[in-house]
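Below are structures written as structure tokens.
In what follows, chain A forms one complex with chain B and a second complex with chain C.
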Partner chain A sequence: MSRELKVGLLALALALSAGCDDGGGSATPAGDAAIGGTGGAGGRAGPAGGRRWRAGGRRGRRGRAVLAAARGRGGTGGAPPVIPESYASLKNNLRFKAADRLKADWSRALGLEPRLLCNELNLFDCIDTIHTVALGGVDAYQAGIYRPFEATTVTAPMIVERVALNACKASVDRDLSQPQQAVFLGELRYDGQGRLVDLAGADVADYIARHYRRILLREPTDAEVGHLRQLYTDVAAQGGDAPAYDWAILMCFSVLTSTESLFY
Partner chain B sequence: MIARLPALAPWAPALGMLALLATPAAARPPGPAGLCAAWPEAAACAEQRLSCDACHTTPPARDVFGQSVEAALAPGAPRPLSDEAFAAALPAALAAVADEDADGDGHGNRAELAAGTDPADAGSVPGGQGPTRCARSTNPRWDVCGYDAEYAWRKLNLDVCGQQPDYALLQTFRGLDTAGQDQALSESLVSCLASEFWRGRDGVLWRLAHAKIRPLQAIKAGRGAGPVPLADYDHDYALFAYTQSGERDARDVLLADYHVRVSAGAPTTYTQVDTLAGQQTPAGRRNGMLTTRWFFVINTMFTAVPRTTAAQAYRAYLGLDIAHSEGLVAPDAPLVDYDDKGITAPACAACHETLDPLSYPFSRYWGIAGGLTAAYDPSRMQRFGAEEGARIQEVPEAGHLFGQPVADLNAWARVAADSDAFAQATVRDYWRILVGHDPLPQEEDEFEALWRAFGPEHGYRVERMLQALVRTEAYGVP
Partner chain C sequence: MGKTTTRGLTRRHLLQAGLAAGAGAALWPMGRARAQAADRKFLIVITATGGASILDFGLVTPASLCPNAAVLNAYPDAQVQQLEGSPFRFMDQQLRDLGPLPYRGPANHSDFVRRHAQDMLIVTHTGTSVNHQVAQKRSLTGNDAWGGRTLQEAVATAFGEGLPLPNVNMGSAGYIEPGIDPTVPGWARHEPVVDARFWPLGLDGVQGLQEGVPGKDLVALARRVRDERLDPDSEFTRTFERSAALQRWLRQRGTQQPALEAAGLLDRLNIIPDQPGVPISRFGIGQAPEAAQLRDTFPLYFSDPLEGQAALAFLLLKNRVSNVVTLGPNLSPLVGGQQIVDSPPLAFDFSHTSHRGTQALMWSRLLSVMDRLIGLLKATEYGGGESLWDRTLIYVATEFGRTRNRAANAGDFGSGHHLNNGSLIVSPMVRGNTVLGGVDPTTLMTYGFDPQTGAPDPGRQMAEADLFAGILQAVGVDTGPAGLPDLRAMRRA
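Presenting the complex of A and B:
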């Protein structure tokens, strides 16, 4: 991968990541400590609630607009985060996970079978069949491409987004339709209108933290939790039918497409 | 035409098109050989890997070092220079630019080549690249100044297992002392090397084998056969994966007198067998990947003197690409043009002095030849007529590898498997997978230590070599 393209892909992933640790986002709401008090009507919805959660339309397009808006309000105004010099690696050997590792690692992180991550037309595996080469894989048997391209293809960022969005939707749908097998849902509370009961609640923080632990293998910082709470506010402001559902997908998406997730 | 050749199938004429795809090694001017003669201490010369890249970007375009040499090369003489004039003028030109600094990085051209760095790249300098100071980070996530066991462990899981460990396991790892973490590193590697991601069908080992096997589904036989089923390359993938796993001697990739059967579904299993359908070479003439049916079908095809076959073996298993003027070692024997291809012309001989003697031991194995396909036949050359070359029947079975005489392909394979080039090429393959790039100048010491230990210390076992590789600074320092 050429340095220029690696940096380009890295910058895109950074830009997509609403949860960047730049210290300039909104602070963790003070209400965090008071969360446990809410309950009752806001308790976890059953299957009906799940269907209600999924009632929103044109979520993907709206979600991207919200992500863009959230970036615009970021403390750094879209500029890349400043990394203290003492943090720099002399090796600078950051590597894109590429097709096979992305598939295996996202499958593990989301608790989904690899075949469920993304399928074009519900028929063809996005990573193994359709976009393999663009994601840094090979097509030895048919096309004679024995080694991955050294440079990331121009479409790779779009494909990463596409796969991540599909995978996150599949993950959220699985959690809702099969609560007994839910990976992330925990005690997250949402109401009959598809809204989170208490954005400042511990259940929301826990829901975010579960994603960080499974995808990035660490706890989120307060700033990151704050960013992702703000993301919900922005999503809800769009007026969809199921803001909690939309937010859950986009929150997962933002963590899954972060630099930290895509590179190693 | 081939005399007394068994009748070919009706689709044989179509296969003639495939023969056109065979890429004979093209002759190159004697630049690399001349440079190595003048500056034998150049690191790439010692490894027989100096190529056109020393002076050229994409030949004939030159990089800045090549431009310096060009300017000092027989100034005033009309261009283009003949190969003879080029070779005669090269020593003086190199002497003129030896102490110059083509890329302006503060290091002379000759010193850079001796150190294994690129005299045309200011970012490639002896002793390392970029900043040399190391400030210990206050970021608790990484130790960018030393071997970071957690970083190496997480990376190892991704590289070899395809996925990171889970959060709880990471917490456990963090709780271990240094010895415990080292033990965990070893155990994770052992576990991951048994994973489907690493050794299974289309896993890392299969992907590593792609460029060596060069599959083509259109002529595949067996599972998932193509429209013209000539050979089953699954046999080759299975043999390769088998030799690279299970604590087996990796030299079996060139020496195995057995075949390997692969299961159809997951989990992938490999079974050593004495015979496989379609594999005709008798056990005494088998040499691992060099004598499979697929190898001869895709490389030898219909050619009498199997130069492409030898060149692919040299490239795939010894890391030496004659098309890039690598590994040119002319034996102390006259070059004979058995098939009237004009190879003794000086411009051609530069490569063919190495390539042709390299090819002769492969000449007794048929390529695509109906019922004889991939069979060993001591009389093969006698079956070709004079239209293949006036002296075609005189092609010997004996040849040369690294300038050393070899009686036949068995001897060729033995010399190859025991060579430094094989150790370098094998270790380099895995270095690329785990580290992500060819060894950088500042990583050369670790790389050399690794390949030199591959035989004596690691017994040619890939698993043991990888245990050492994941403990290198190149792998474990973020």
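Presenting the complex of A and C:
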């Protein structure tokens, strides 16, 4: 392994660990602001939880600086290591997380009990009962399927979305109805019309970042934050009566169903 | 954001990866796809899971023909029926139990023969494994006769191009395993279905979710951000952009999912009505236009998986979602529906405990579902004056036969696995009202036939590959590239 590659990998590891430290932990009570029209006049900053998230954000920015330096895109002083092709996997041994791993990861990331992630028709567990095999799981007793199928099924992307939409709604509802147990809400400010108070505000960036930390175990890039802010603009333009609420679900959905969340 | 990845791929390239792959696949064989659409053929594989004995349906041997009838599985002459001008021998029985299991009721085989004898073909053969899982797979691949592709994959490849899900498999164990031929196109691989009743829910990412979840228009916005911004820009995607798993996912998400959702399949394949405890309409889910008819035809569709599978199979074929469907009982018992035990555990393999009762009941279950399914297909126009049934072949796949011996004059007994057997095929495309091969009355072992003329040949055993080839050739698949034997005798003249 070349020295440049070692340096690059070390920098990458440092950057990732900085991001993980920020958000991979357990749910942090983060204020009692609400999203959407169901809450009162929002906008109060969260208590200690909010301050901790902001501190995390600074560590995250440092992490990104290290990452940028490692990628030769920025940083100060000295010639940045040039690592052509360093991010392209040679093995490409990527695997779909499949039913059990998705359930465990999403349950942990959203702070929800597995049984609350998704239930078809409010009756049948999506992952354990209805869509197990389609999500790459096994079904020894009924179908005699003892090993997962190698390839993802055609229906898997749709089922993943169904589970994610249900789970994200449950997550947002939990944050709204049980502020003390809120995982993501933080200081997010909204107005009486169910709109975000300041789309460009740090509270929105932090709200997005919490999802990245818990779901992807890293900080979002500035571009990603920008894309998800734009999503709010697009959602609000549809004229719904609770754009912040819808956006919160859809922002969670976008990250939860990204390829980075689904494969390992 | 006109980023360039480390190997010069722009985000636009990544965005188009799925489209390009899908479009490319669709473009080059467009002429072939059109040809297939104009000349679809349909295959239904019904799995006689556990080992269905052809000596208990179709090739029943009356005791008077069997010198060793007392110790072999020959039946009293009075029970054995045969239609005039037809080679099939079968029975109707009134069952009083399944060995130690309570079961009381008729096992009717004659209705099916009376209605479908002209489309029935029985082909004798001898398998190569008495292991369930292995034999199940071999019954579909002809023991790897064509590079390991399954019958379903071969027929889907030949006649299913352009369909949303050409090859849907509701089978179990070895019957639901995919083939291993790498040259089979990805779209012809099977889509597994475990629960036919609720599987359609997975055909839409949004429809039918609980109240309060953002609607399709809003979800479309989020999908666009994910698909066009987040994923293409992420280090993860760029790192693994050449991963086959990721490329497949992007194709499925980018091209197949929109097509399936646009087709409205969740509504078109659902036959569950509003009912106590399952409020379908409250979730914005509609019903197939044929739902009421199918519930009448398969009244146990919700409690008996086999009936639910048959209903879904019909809708898949009728709506041209698929041209190949596989269905059949799994190894679980069915209890508490019509009586204490409606179907034994292990399906046909409960013959280990109660051979005759199990074979009679399980054959009866399969024949009854087949009969109803054929009736629906006959009543459905394909086009040009043909019915869907005119272009359909049903293959009753099973692992192996059963041992023939029994304690002297035992009314019921347990049986083991035996390589020697025969298979039932039903189709207007096969040589109907025919038994190819025969049964040696002294041993009750089946023997083969001349593959060209069909003449019985007591010195010959047909192999799994012969059956495999004959089925494909009857449907019209060109088996030349595989060098398979010509089983002309199985085809309708």
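Just so we're on the same page, the second predicted complex is superposed on the first by the 179 of 264 C-alpha atoms of A that agree within 3 Å, B and C clash if a C-alpha of one lies under 4 Å from a C-alpha of the other, contacts with A are read in each partner's own complex, and residues count from 1 in each chain.
Everything that follows uses one rule, which is that contacts are C-beta pairs under 8 Å (C-beta built on N, C-alpha and C of every residue); 3 or more make two chains touch, one makes a residue touch a chain.
Computed from a predicted model, the values in this text were never measured in an experiment.
In the superposition on chain A, A:R95 contacts both chain B and chain C.
Once the two complexes are laid over each other on the shared chain, residue contacts for A:T153 go to chain C alone; chain B is not touched. The larger set of touched chain A residues comes from C, when the choice is between chain B and chain C. In the superposition on chain A, contact of A:Y141 is made with both chain B and chain C.
Touch criterion met: A:A104 reaches chain B, while chain C stays clear of it. In the overlay built on the shared chain, the residue A:R213 is in contact with chain B alone; chain C does not reach it. Using the contact criterion defined above for the overlaid structures, shared-chain residue A:I249 touches chain C, although it does not reach chain B.
Under the contact criterion defined above, the residues of chain A that touch both chain B in one complex and chain C in the other are 85-89, 92-93, 95, 141-142, 144. Against chain A, the residues of chain B that register as touching in their complex are 130-132, 134-139, 141-142, 144, 154-155, 158-159, 161-167, 170, 197, 204, 207, 210-211, 214-217, 220, 435-437, 477-478. Across the interface of their complex, chain A is touched by residues 1, 6-7, 133, 165, 172-174, 176, 178, 186, 189, 191-195, 198-199, 201-206, 208-210, 212-214, 217-219, 221-223, 225-226, 229-231, 233-246, 248-250, 252-253, 256-257, 260-261, 277-280, 283, 330-332 of chain C. Those residues of chain A that touch chain B in the shared complex are 85-93, 95, 97, 100-101, 103-105, 107-109, 138, 140-142, 144, 146-147, 213-214, 217-218, 264. Interface residues of chain A, counted against chain C in their complex, comprise 84-89, 92-96, 120-124, 130-134, 139, 141-145, 149, 151-162, 165-166, 169, 173, 221, 223-224, 227-228, 230-231, 234-235, 238, 240, 246, 249-251, 253-255, 257-260, 262-263.
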